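Just so it is clear, A, B and C label the chains in written order, and each chain counts residues from 1 on its own.
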Amino acid sequence: MPNQALKQTQPGAVAPSSLIAALAAKYRSGYSLDQRFYCDDEVYAADMRAIVARKWLVAGHVDRVRRKGDYFLFKVGKDSIIVVRSDEHTINAFYNVCRHRGSVICTEPQGHVARLTCPYHAWSYGLDGALMQARLMPADFSKADNGLHRCHVRVFHGFIFVNLSEGAPVDFDATFADLGPYLDFHGLADAKIAHAESYPTDANWKLVVENFVECYHCAPSHPEFCSMHPPQALIAFGAGPSSGPRDAVDAYLPVLRAWEARAGALGRPIGTVDDGPDSSHLRLLLQRTIREGFESETEDGIPAAPLMGKRTQFDQGRMYLSFSPFTQLVATNDFAVLFLFTPRGTSSTDVDLYWLVDGKAAQVDVPKMIWGWDRTTRQDKIITENNQAGIESSRYEPGRYSEHERRVVTFHQWYLGQYGYAV
Amino acid sequence: MPNQALKQTQPGAVAPSSLIAALAAKYRSGYSLDQRFYCDDEVYAADMRAIVARKWLVAGHVDRVRRKGDYFLFKVGKDSIIVVRSDEHTINAFYNVCRHRGSVICTEPQGHVARLTCPYHAWSYGLDGALMQARLMPADFSKADNGLHRCHVRVFHGFIFVNLSEGAPVDFDATFADLGPYLDFHGLADAKIAHAESYPTDANWKLVVENFVECYHCAPSHPEFCSMHPPQALIAFGAGPSSGPRDAVDAYLPVLRAWEARAGALGRPIGTVDDGPDSSHLRLLLQRTIREGFESETEDGIPAAPLMGKRTQFDQGRMYLSFSPFTQLVATNDFAVLFLFTPRGTSSTDVDLYWLVDGKAAQVDVPKMIWGWDRTTRQDKIITENNQAGIESSRYEPGRYSEHERRVVTFHQWYLGQYGYAV
Amino acid sequence: MPNQALKQTQPGAVAPSSLIAALAAKYRSGYSLDQRFYCDDEVYAADMRAIVARKWLVAGHVDRVRRKGDYFLFKVGKDSIIVVRSDEHTINAFYNVCRHRGSVICTEPQGHVARLTCPYHAWSYGLDGALMQARLMPADFSKADNGLHRCHVRVFHGFIFVNLSEGAPVDFDATFADLGPYLDFHGLADAKIAHAESYPTDANWKLVVENFVECYHCAPSHPEFCSMHPPQALIAFGAGPSSGPRDAVDAYLPVLRAWEARAGALGRPIGTVDDGPDSSHLRLLLQRTIREGFESETEDGIPAAPLMGKRTQFDQGRMYLSFSPFTQLVATNDFAVLFLFTPRGTSSTDVDLYWLVDGKAAQVDVPKMIWGWDRTTRQDKIITENNQAGIESSRYEPGRYSEHERRVVTFHQWYLGQYGYAV
């Protein structure tokens, strides 16, 4: 039975279209979504306006823009954002659209510039976005009114967050400040990028997210990933704290508690963050052990890089931190992996991974470090594209989730909540 | 003048959209269809629902699934159908969509499996489609209710027919049983595939069909094909029994009658099937001679394979059998060619050919066997794509058919009849 | 403030859609157009009907069809036009659509034919478009009614103009006759094609035009082009006669007047054509000097070919002639370059260049001749595609034009005037 209790409750939410309303009315808790949520251009456009454009998305790590004038592009939907350092303390984000005739200004994915000069008519903007030079303009033209369109930006422990809201965005500190101690311990503000890789995926962004927030598929699909973890942890905590079946949780909890005591004694902040579906960003922070006898998430458990951050010794633990459905972080003791899931089209999502190591690390074994997540993400790309292809069938219908996929249901609750529906 | 007598008469027909109604009102008998029938996405979607999803389509020959666990995929529109043998006597057809989250289950075009296991979360189905294994599901989850969605399937003289109707399909036996003796004589149930080739064509499915059901284009376009046939037969019977101009029919009929007597004496069932436009499948069965002195449809008339079926000697004849506009069969004495025309998009149609030989044939000269139809189908692909390109022009308008294209007109009558219009 | 004075005034104009009306209401003079004018499929379709299909477009030069039976194809949107010579004095233009079933008739971009024979069913048309042969047609079929659909065509000083209007087109002579003396002096009727090149551009046709009618971008984007011209001329006359800022015009005018006296004494017709936005074709003819010391628009100023037309000596001048926004001509003393800008899709425009030299020229240094415009057009392709990409951003908004882009504003006035809006 479709959920009859469904009602619009969030007064601040974007008014959904009649299509979204009709689809939301058919939603059934514990089941996958209606086909059109995954395949329809109108739903995608609504998602971009109501959700993607209102969230703080990590665009990258400060290591990409160390020097004044360093920039990189972050592409979301049909938008291109220039993330550029203007001085030692300031990183700016601008829409990559010249205020003159709309040309793209930066055409390379990253680079180093003294000014942001449009290649078309040479309008030239400072690194603060102010229009510096525009030849032969009418007398009443105001340079002050023609700076680059700013994108909201915040740097937080090394992560560059952008927010594409036209108006005031969700308060950043109220949303993320409590994560500070965890990030600080891992030394992420001072980390550096040891490797990056892209896995563009031909699937709707919600399928990419759904795939990442459950580990029900780990056993059949990810042999490398499973080899690095305690089997009971994957079942008990694979989709969030105590997200698995009761007996699996009961079996793993003692192991976890013992580790928390050990790791806490070594200075690691112990704790969990588990936002509910009413939250703005659906954050999740979860810490647990890796495979017994392993010191890192590598093929043989031997670290690929020096200890990160404030650590003094290996503690056999790992942190999973979801800043939002669009930004995920996995941190083992010697490296962290940043995952960016960025919608580009109805069935096209950018999946970009950055492997971070300690900023002072002299030696990094890159093949060893990427062994697990590079293979796992290649597998996830195939899996998710097969999921999209099957959902496009005329005979697809929403299917029942297992007890191991509770976080997907939470994600759906959050997703529909963004349109104002409490389910 | 558009046909004023047009009216909706078939009470069981799918209610056509207002677009179809408007286009049907402009239909003029003896002329090609309005541009939008060939180019419009809405018409294509209507065709898929009202016609393609309601017909028995040949998906392939049993030789593709000889052993238990053999399967192949048959793709129609955005649907993928798994055709799989579950035991000596049973071939099943399932939608290639996992009941869990909708992933494609089989990702290879053909293969051999013990079970149908989804690569995503390892839900595992028997070869009968029953859900066997689904880990960690809620207590109230019913495996019995989560078998694969079945597609109607019937095996008839070696041909595997599927029907994508959600409800009860058109009665199979009432539709096809009378073809049995012809197929039996040709030994098609026991045939084997000697060669297969695909010719995906960027054109609307109706143009692919129209091209196949007339031989007005044979002289200018198909030198190889024409070289294997009596010229007068192509004119008189190229588009169906006595479909050509009166004088050509009169000239060829005595030749045909003499051959019927000879071939009948050798055991061949003589007869014709010629469904009218009111029929469900617009079947056509037509038997006639090949080029004088030839024993097979090959470059030099010499057979490429041993005699098929119940034959004891070559009879210089051939059978053309259209099970529906989507499935065609041409059988010479030593091999048969199965043609599958399957809509995949508004201007995208799969054209797949299978050359069948006697199941006991030890030696087959494949290049000799495919010489005629491989070249002819390559030519048809180009011709039909040029037809689509021209129809997309702003200045295209329906044109008059020749006396040699009567079967195309019958096809249009049948096509509009599927929407409930008698024209 | 949007222009409040906007009103529909041209009684003969095509009635615009409500979308065009809504967008036109937002138009602000001196600013680039609304995003949807550049990106929307509905606007593109309206442009094709209301503008492209009603203008005289140059399809090519007569040198492409010297002999009877020579033809080439000119593609506009989804239409393909056969331009074919039927006798010494006649060039015809036909829609490349067979009157039988709509197939494309000519499949090669150019060729030589005795008749226009459809490759599908061999319907055969004379070079005058008359249907000559159609086998086996019903008795009441009229060949006379089934000639190829004609496209209006006029040859004028070597240029083949076509007009896709269904009804009577804009009067050709009233529109173009006054250009005769200029074309005559340059010998364009007797010119020959020395080189051709295509630069298909992924951008809306209006962006291709806007780019070509201003030289504000020349300094940053076109070093080769700038090197061949007096800097003050590019500023003063880069976007039309005296189109630049007052002081630049004042500085260059004495140079221009002196050249006009010199060139006029050598027989060159001196004059300017500068249609206003109310004109049907927005023509522009402008003559001025090239770089001091140069005799031709080449890298070193040395000519690449013999003098064209009626010239007796080099005069250091050049002519720019825009027949319409779709057809541009640049003529230096020894060669001319014809630019065809042809819409093919919402963000797809064909850009085809033909380099013309004197019909009697024995030696042409092709690399020298194409050095300037080949490089410049490659640059323009990149520039214009970047412009399109930026405009697709959610944050694009119409921007202010410089004083150096006045012709773009005129083009917009003309464009909106085609829909009946005076702005």
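We adopt the following convention: a residue touches a chain if its C-beta (ideal position, glycine included) is under 8 Å from a C-beta of that chain, and two chains touch if they have at least 3 such contacts.
Worth saying up front: this structure is predicted, and the values here are computed from it rather than measured.
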item: Homomeric contact chain A-chain C: same or different residue positions, threshold half; value: different
item: Cα superposition of chain B on its sequence copy chain C - rotation in ° rounded to nearest 5; value: 120
item: Separation of mean Cα positions, chain C and chain A [Å, integer]; value: 48
item: Chain A: positions in contact with at least two other chains; value: none
item: Parts of chain C lying in touch with chain A, wherever the complex brings them together; value: 30, 32, 210, 216-217, 219-221, 235, 244-245, 383, 386-387, 389-396, 399-404
item: Complex contacts: residues of chain C adjacent to chain B; value: 53, 77-80, 95-105, 107, 117, 119-122, 134-138, 141, 146, 149, 164
